[in-house]
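Look for chain A in each of the two complexes below; its partner is chain B in the first and chain C in the second.
Moving on to the complex of A and B:
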């Protein structure tokens, strides 16, 4: 093992490979930071480019794009309140508030540190414990996936605090929308009204692009006079004291990220929501959430970048992609003749360990590249809002189209953007839509499969992991109530 | 005065330009292909279809001396891409990827306008076999035991598929009618998920493509039972074919290039010849094997006949299943 790691160090630190890691990170951050372009898309676009590279360099380039993309999405989330990727939605709640308080530099610095930390730790997990952790992926069957989906959906209750009824209503309607398209069991189209373009359902990413970016654009246009005033850009500044105080938050969020990464079908977006939710519940200052809580940023960022390394664990060892970008990664590996599996680590030791060590290097690089990038990106705040609004609309349109080169997705984006605007106006929360659309298909599929496996549904409680997950859900849901009781007793 | 001079100059220039253009057109058109060719792949970048198309076109570019631009039009479960291809101009500059089952999409999905007559078959370049695998807890180690287990408890042996109406599903239908059994379908999103379920003992049997299953076979998490092609697979030579296990049975998913309907015979000939040449290039074959592509070339009238025959075959399968 140590020999292999030395081999990897040698590979990852050649001048050429360092260059590709750097290029990857830069491209990834740009892809992530542009609203409408996601990490998945970044990796997909660069897979064909990687075909012509040496296998090691190709994998490092894609790793850079992947990690950079997941991180980059949080930059616009902080600066203009538009998450660059769905995984940055929780960050946008806090970032926006911090910018309003003139603490944009501090917010960006925390995002950068938390992302690099989460990514680096996940890279270490990948390097040292991959075969061990891959077992988790095998233990998670359909019944466990049902539990994870329900756990994820339970976050809706936190996201809609204050107007619970509206939040739950939005979540249910969105779950209904998630059923449009081919029925997973029988394969017949549902609710497509004879339109074959809907056979694959609505494209979740375009809905989310529209929902999270267009309402912000409309708001910018409404307040154009005020918007002409340049916002203040504050210097990049890392509040060490606050970050140190959050050490447990860092660890918990990273672990959530890695575990969600390992579990197939759940990606960085769900990890960010879950971790944000847990952090808020554990927080001493939950009232700060939504009003510029650094804790919230750390939770969501450490978790979504924690997914990156985590999702490669089952991919490399057992050929199970742990997230959407990881699935594309798989294709790139195969075309380079690197077939994932237990033999990969012996037959292609040099290349694989170059990738594993390089993945850690990428995350260190991410911190420094991200820092410099943020200093420039902070200037977005100076751009007059009218111009910014146009740029965002163009990016959102191009981004929606490029997912699968379909005009249908662009229309979907605009319609959901307009709906989103009115939802905000009438005080309906938007984020339950994201959770329901991301988790709906997973819930439906795993529920159908569980039903096929067990004729008696209650048999699923004979599975230890299912019970553990169920306990998590129960404790997580009732924790705020229990905490209140404790406090009351103490007061008495 | 000055204005008039400018105007004259412009007219002169435009005239010269038009003349030059006109004279260029009167020359005989250079042989096909003389510009970039669009290749529609109705599935996402990095998937099995995309990987194989990119590899073949890389070598085709050398043969034909023109660039290929791959378009991953992946919406509507692939139907949008196929519709685009069916509606494209039949000038040989828009071609597409195609596989076994698509000519019958109209039977399955509302609103589909294309069928077997909407495309011009060019040549087949690959044919992927499935591997029958079983979970360790099922105790099944060969085809005979598999069929026995299915017969003992009709309709309760779980059979993992990579999706409804995919090649996996059709293999199941064929196997059921060949052996006179029924399985309990478990439909996953993709073959890899089905393999994972078998490895985790959540599903008894699955029929993934070889590339989806090899990792778990090597890790010893699943039991390989048989391969669905007519010959054994070189990289996993210990696995017998289904035929060897005593069933007259073969099922592969073929991949091919097609054009829109009405592609001229001359263009098809040029493309087919180039693809045929690539398919015998030893460098290509080496790269294809490393990427897990099961190359198989059928071209010319032979493929055209195969295409029709295949359409009728799947039509019958789907119609029986829908009854």
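Moving on to the complex of A and C:
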């Protein structure tokens, strides 16, 4: 393992890769910081840019965009009071209050340190846990893969709580769309409606670009009002004493972030809220929450950035993305010939360890780039939304065209964007689409192989890992009911 | 009679898509159709359940804002159509100008220069750095 880490150090510290890590972080921070934009959109739009790069450099560029995007969302949360991403909502409660007290620089400095800490620790977790999980993943055969895919989709349904039926509907219809094109066993073209261009199926990355970019543009246009003015940034200043006193808060929040990241489709927003609530419960001064509590900022930021590395652990080992950007990451990896799974760590050790070590480097860079960016953030946040809207449409169109140099992909992107807008409008979750499109082919192939292996399907439960995943599935499906019961008992 | 909300219209359209998929099933041989058949059935059932379920109140954005989104979506569709007709440079340049004009960006230096800078920087980035051949027009084309 240490040999591989040395290999990763070599890869991550080449001049070219450091440059891509830096570019990724800058782009990510800008995407996260602009209201209406998000880390997911950034990763989606920049996947096509990574095609011409070496796989390692491509993954580092996207890692930079991902981590930078999650962090960047907190800058407008502090300066405007409008979070750039949902994960920054708790930060906005405290950040805005600190701005009112004339301590915007201190708020941004704390955001930057907590984000870099959370991200860096999650990168270490990724570096040490992913290879360990990969050893367990070696025992995963087609029956376990079936259960893993079902588990991933069931968690998505659980997370669409209140909209569980909508989550199930989106997951199933997306799985159906994933069957368009040749079937994995007979090679027969399905649901092509006589159009030969559909024989290869829909281009997943085009769908994801459309789904995570155009709806945000349309939402931006729902109001004709210009955005709010950003507050002036006071001197960037870190209160070290206060930060050291919060060492346990840092660790607890990062662990929450990493664990939430590992759970499929549970993104940084859930981690930030959960960690913020835990910090408030554990705080000696809960009355300060909402009035500019540094503790609250640390909890929210360390957790939402902790998700970044956590979400890549199941992705690299089991092909299950832990968040929406991680799902797009999976699409990019497949395009670069890196099929996630246990063999990835042996067949592509140099590339994977470059990514794992580079992920930590990205988070160190995040601190310094973020610190400088915050000083100029006030100027960047005032870019008119008309300009942002056309930039995204152009990036999405050209980006989806460049995947296979096909207009079909651009049309797919556009139609997905329109559908995505209506899905957002009527409260249909978007994450199951990414998960179902990426897991669909694996699920069908594994099901077919399992049927060949066992004449009686229930015999798969003689394998211990399938039973473990079955238990996970049952818990995830019944989680909303269990939670309800807990709440009832608590109330009594 | 159930009230036809926006969500129900969305579900009806989804049901139509599912129906279109189901018409293709007969052409698929055994061994390749069982899995999509199960997905189709579950999708249909969830559509029906969501349709008959009491509807949540829907947020309205007003006719003016809806029209703005609609026209911007049409402008985007036209620019995609024109990509293969007049090529990337002219299609993008005209889309960006039209978009900024329609969304009422102040007519200052940014309004006139930004579309040219965006179009050309993307063009050079993709063609020279990323080696992607961007669409050329069939009616006429401009390449640099």
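Operating definition for what follows: the second predicted complex is superposed on the first by the 274 of 492 C-alpha atoms of A that agree within 3 Å, B and C clash if a C-alpha of one lies under 4 Å from a C-alpha of the other, contacts with A are read in each partner's own complex, and residues count from 1 in each chain.
Keep this in mind: a residue touches a chain if its C-beta (ideal position, glycine included) is under 8 Å from a C-beta of that chain, and two chains touch if they have at least 3 such contacts.
Just so you know, these numbers come straight off a predicted model, no measurement behind them.
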Chain B versus chain C as contact partner of A:317, first or second or both or neither: first
Touching partner for A:384 - first (chain B), second (chain C), both, neither: second
Partner chain(s) touched by A:215 [first = chain B, second = chain C, both, neither]: neither
First, second, both or neither for A:173, with chain B first and chain C second: second
Contacts of A:405 with chain B and chain C, given as first, second, both or neither: both
First, second, both or neither for A:188, with chain B first and chain C second: both
Which of chain B and chain C A:429 touches, first, second, both or neither: neither
Partner chain(s) touched by A:420 [first = chain B, second = chain C, both, neither]: neither
Partner chain in contact with A:56 - chain B first, chain C second, else both or neither: neither
Footprint overlap on chain A, comparing chain B with chain C: 48, 51, 183, 185-186, 188, 405, 448
Residues on chain A engaged by chain B in the complex (per definition of touch): 43-45, 47-48, 51, 137-142, 181-189, 192, 194-200, 203, 264-265, 317-321, 327-332, 334-337, 339-344, 404-406, 408-409, 445, 448-449, 452-453
Interface residues, chain A side, partner chain C - complex: 48-49, 51-52, 165-166, 168-169, 172-173, 175-176, 179, 183, 185-186, 188, 190-191, 193, 214, 217-218, 221-224, 384-387, 389-391, 393-395, 397-398, 401-402, 405, 407, 410-411, 414, 418, 421-422, 425-427, 444, 447-448
Chain A-facing residues of chain B, complex: 44-48, 50-51, 54-55, 58, 70-80, 83, 108-112, 158, 163-165, 169, 184-189, 192-193, 195-197, 199-200, 202-203, 211-212, 214-216, 218-219, 221, 287, 290-292
Of chain C, residues touching chain A in the complex: 6-7, 10, 14, 17-18, 20-21, 24, 28-29, 31-33, 35-36, 39-40, 42-43, 46-47, 49-50, 53, 56, 58-59, 61, 64-65, 68-69, 72-73, 76-77, 79-80, 83-84, 88, 92, 95-96, 99-100, 103-105, 110, 114-115, 118-119, 122, 126, 129-135
